[in-house]
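Both complexes below contain chain A, partnered by chain B and then by chain C.
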Partner chain A sequence: MRFALSPEQRDFAAALDELLAGSDTPGVAREWADRRCEPGRKLWRDLADLGVWGLLVPEDLGGAGAEPADAVVALEACGYHAVPGPVVETAVVAPRLLGGDELAGVAAGESMATVAIPPEVPRALDADVADVVLRLDGESVTRVPSDVDPGGRVPSIDAARGLFPVPEHGVPLGAARPHAVEFGVLGVSAQLVGAARRMLGMATEYAMQRRQYGRPVGQYQAVKHLLADVTVRLEMARPLVDGAAVTLASSLDPPGADVPGAGAAAIVRDTSAAKVAATRAALLAARTSLQVHGAIGYTAEHDLGLWLTKVRALAGAWGTADAHRGRVLTAVRGGHGG
Partner chain B sequence: MTNIVVLVKQVPDTYSERKLNESDHTLDRESADAVIDEINERAVEEALKIKEAGEGEVTVLCVGPDRATDAIRKALSMGADKAVHVSDEALQGSDMVATAKVIAGALGKVDGYDLVIAGNEASDGRGGAIPAMLAEILGVPQLTHARELSLEGTTLKVDRETEDGVTHLEANLPAVVSVTEKINEPRYPSFKGIMAAKKKPVETLTVADLGVDAGELGLSGAAATVLEAAPKPPRAAGERVEDDGDGGTKVVEYLAGQKLI
Partner chain C sequence: MDLDIDPESAIFRDEVRAWLADNVPRRGLPSMDTAEGFAAHREWEAQLADARLSVVTWPAEYTGRDASLLQWLLFEEEYYAAGAPGRVGQNGIFMLAPTLFAHGTAEQRDRILPAMARGEQVWAQAWSEPEAGSDIAALRSRAVRTRGGWLVSGQKTWSSRAAFADRAFGLFRSDPDSERHHGLTYLMLDLRADGVTVRPIPQLDGEPGFAELFFDEVFVPDEDVIGRPGDGWRVAMTTANNERGLSLRSPGRFLASADRLVRLWGERGEPVATAARVADAWIDTRAYQLYTYGTATRLADGERLGPESSVNKLAWSGVDVELHETALDVLGADGELASPWVDGYLFSLAGPIYGGTDQIQRNTIAERVLGLPREERR
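So, the complex of A and B:
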């Protein structure tokens, strides 16, 4: 089992980073929060050109037929750059729920998809902007009307996130492929790792810039230790996220493959463990980078706030840490919850 | 069907500290991150646009050490079809004339070329003469400093921009073009492009394969010898004007002394 990124994955990460770093993503996220969505849609089209939305879509539908680990690379970049919109829903969950032309449209970047999966995901993210709004109950997928009432928006601590209740009526689309929820959990974990890495980077840069008592604050051990603790927690979370991607990939092995696919319990265990660890790392990164930045980090004008609020929102999205700890416990006990 | 060859060079990243070797004053490639020269990405983009508008094949041609494969891979990820890589210890320290001869020799190994696209100058050596030298050796037209390029049949039109103005050039293929930063915005490699690049053919050649006289190459074959090199001296401290109420006057006197006003 290899966890290190392949040269191709590193090249893909570098291409994403180059595109997103030059796209003023903080500015795009602020516009998106005020529902001026054209810059965000442009960013999504650029990401479509790189193949982000088609990674997990089969090749005959215009996708790349890639592995969950490739999607982790893309979603970590989205988290690092605070790309707004239903990135997890479109990139990794929609391929579990859609097929045919609808999925081909997602891969081509023509449709932005979002989904509600009660009870784990009670509301659909950015359903007012998305082109395809879905609802998953058990195994049955329903496409609900996408003309949601903007007034029905439920506030999120992350201003860029528009959360909407989804009606129960719609057009039934048939059965979902297995593990749609676990794919979403993996996606949001990768996003959290990316956000944590960004805040650690911002805090480190600030600590080398800001001078106090004649030297950069980063030269004081108290500050160094804070940042080192975040690094350790982040590097402990990353293998769990990569490992969960590997577990999910083995579940996709076609029947008759030499290696048996991982059982459902292992998939739940590994994706939930990844979410718990990624959330812990991101929340520590948020608290620490706020402390290192001092008062400036609290201001709405400083970009740090975009990530502080995003990780707080993502911590609860796709299941809270407590819910995921419960899932891990149930999985390791062999399905007998306690 | 237009066969296009794009010249690609791997250079030290402009964001990293660039140094020369102390012993022979050649570029110290180990001291800095190596990347594909940005102007070459624009050259590749222009070749891909021509290919996508009609029919064609894009070959990447790179002269450089073994690790220049990273630069080649980037060009293939963007969408070029195949690559030729000339790598040989004997090339270390070659001057521009020798490099142009090697490139011309390598072009002889590509089955037929109609158009060679290069960047106008590399960000490390900044000689900017290779495209012209190459055209001279090949005996084909040179259309350098192109900010716009169009191809109709076998007629190539180029807007050549220099500090003095814009010249409109026209030539028949085969020809050598060099492009400036204004030519286009290069695409980013897509996931599919990156995966496809793994399977694209890269032919590796040595000097012996090219029919170029090895005596003309390398540091010993260079027409000029670098005797000494020193880093640029740090900027001298500026003159400080204390303002005792007459600061404005002193500033004006200083500027007048420099004949700036």
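So, the complex of A and C:
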């Protein structure tokens, strides 16, 4: 058993962090919210150069044929840096829905993909910017026209999220590969963990510099204990996300092999557990970070709001925590109690 | 990244499972905090030792199996899934033994460990004092030099298992002019020696799970000093974060409770009112299991357990309470009735207190994991 990031995965995480930390991602996200999308597209191209969009795409289509755990690394970084756009949809869901040239385009960073999966994902994220707009109903995938009317945007609590209803008519693309939804759930969980880690880091930094009553507020136990509680929630969420990635990996058909993968119940159980824990960690991190920042964190000017609103949006996306609790219980009651 | 069990560990796990299936007492044992139950638990330790399953992580020369950390985690999962009895020898096996392996002499190890492994000698801990709880360095019990050893006087309290244990270990102030963590010596004492008074203290469940210890010039021979006199703090602290000690509490017991909780919830007709909490309790337990696998991987890579052991402690102490509170609420009006859930609930409430309270752990996380400024303290 090796349940930790490999040296290669740590290097990958460091490379992503270096790129994103130097890209003014908060500024990019603000521009994206106002639909000045060129800086965002540039960021996506840079991420394509690091192979982010092709991680789960087979090698013969120009992807890396990597493991879901690698995608977790990438999406946690996207969450940490508030990268705008349909990152989950493109990085981990599109490879379950597309094939051939369309998937090769995703891997190459030429196609940004988004998807609606009613009822869990009722609207497609950033369909006005995406190149490929999909709809998944049960097992059947449909490609809908990508010339979306920008006026159809439904406002989100997260200004960077452009949400669009997706028409039912389109070009049928055939059946999705198994567990498309669970891949999305895994991806959004990783994104939430990254966002939680960022908000904890911002609060910790602020608590060290902000002084009241003659000393840094981070010296007070009331503040320390709040941040310690976030740390514990975060540290306990991360292994569930990695664990779900491992379970999903065992479900992928190895090329040319006929090995039975993890059962569907274990996949549902582990991805749903990850979403519940990541959501709880992120919401606690958001509330705590705001509380530690005080009024400055409540301003539009401060960057905290970019993450605070995003995690609230993601908490409901790809199934609420309560819906996922129900899925966990059903799976565990079926005798898959880990 | 994987969660695969290597073949050798799988064989070990299967052996443990089979042995437990054949040997775990069907009706359980009486409480270890009664004279009768204590004796029964001792016998159980001997039975485990005969199968070389009492101290699997110890070296083979001390009846262990040189088991890896992962194998120990698997052992514990099997142990509690089988409903096997609590470990009366726990204090000795998980706290004193690692100290002896790190700082003891060969003579001490040969003399003490085999009897510990068989439950022939059961050890109590003697850390806390009436004025030294979380702030253990404030301790005042003293050891005075005498010919061939030390004369120990003072009072220890909240000493787990001490009501029926044979011996105790702890820190004593050997330099009367010293303060705080200086001038302390790590000693092992015979609780049957002259000058020792043991006053059992009934716990919440009415049974004497811990005791007060009074020492009046109790003679402790030099051979029962671990490490150098005056160096006791360092000796105690080097194993305080021991990966196999109580800070890295194995998830086995909680996993077994989580499975029982889900079953209980099913038997009670899957009440909607407690569904979310049952799910969260199961998820939090699974998280702790996976977190521990991650720690085991890092330790196998040669990393050491640092202040993140406080994350560990908060996680398991919280999970244990959560599991049992949820079970009692699932039981509703029947929750107050005597049951293993009630026993487990009362047991779980001690977790956030002993071994460093939850509040001390939060301070450690804030200061040593997050890097927040230390508070002014002595």
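Criterion: the second predicted complex is superposed on the first by the 325 of 338 C-alpha atoms of A that agree within 3 Å, B and C clash if a C-alpha of one lies under 4 Å from a C-alpha of the other, contacts with A are read in each partner's own complex, and residues count from 1 in each chain.
Simple rule for what comes next: contacts are C-beta pairs under 8 Å (C-beta built on N, C-alpha and C of every residue); 3 or more make two chains touch, one makes a residue touch a chain.
Bear in mind that the values here come from a model prediction, so they are computed numbers and not experimental data.
**Student:** Taking chain A as the common reference for superposition, should the pair chain B and chain C be classed as clashing or as fitting?
**Tutor:** The answer is fit.
**Student:** On the A-aligned overlay, A:Leu240 touches which partner chain: chain B = first, chain C = second, or both, or neither?
**Tutor:** Touch status of A:Leu240: second partner only.
**Student:** Specify the partner with more touching residues on chain A, choosing between chain B and chain C.
**Tutor:** For chain A, the partner with the higher number of touched residues is C.
**Student:** Contact-wise, after the overlay, does A:Val154 reach chain B, chain C, both or neither (first, second, both, neither)?
**Tutor:** Touch partners of A:Val154: none, neither chain B nor chain C.
**Student:** Touching A:Val52 in the superposition: chain B (first), chain C (second), both, neither?
**Tutor:** first
**Student:** Touching A:Ala21, do we find chain B (first), chain C (second), both, or neither?
**Tutor:** It touches nothing on chain B or chain C.
**Student:** For A:Ile296, is the partner it touches chain B (first), chain C (second), both, or none of the two (neither)?
**Tutor:** neither
**Student:** Just checking: does A:Ala175 make contact with chain B only, chain C only, both, or neither of them? Give me first, second, both or neither.
**Tutor:** In the superposition, A:Ala175 touches no partner, neither chain B nor chain C.
**Student:** After the superposition, pull out the minimum Cα separation from chain B to chain C in whole angstrom, please.
**Tutor:** 14
**Student:** Shared contact residues on chain A, chain B side and chain C side combined as an intersection?
**Tutor:** In chain A, no position sits in both the chain B and chain C interfaces.
**Student:** Could you list, by residue number, the parts of chain A that touch chain B in their complex?
**Tutor:** Contact set of chain A toward chain B: 7-8, 11-12, 15-16, 18-19, 49-52, 54-55, 64, 66, 70.
**Student:** Enumerate the contact residues on chain A facing chain C in the complex.
**Tutor:** Contacts found on chain A: 1-6, 9, 67, 69, 200, 204, 207-208, 215-216, 218-219, 221, 223-225, 227-229, 231-232, 235-237, 239-240, 242-243, 245-246, 249, 273, 276-277, 280, 322, 325-326, 328-329, 332-333, 337-338.
**Student:** If we count contacts the way the header does, which residues on chain B are in touch with chain A in the complex?
**Tutor:** Residues 73-74, 77, 187-192, 194-195, 198.
**Student:** Along chain C, where are the residues that touch chain A in the complex?
**Tutor:** On the chain C side, the touching residues are 1-6, 70, 255, 258-259, 262, 265-266, 270, 275-276, 278-280, 282-284, 286-291, 293-294, 296-298, 301, 308, 310-311, 314-315, 318, 359, 361-363, 365-367, 369-375.
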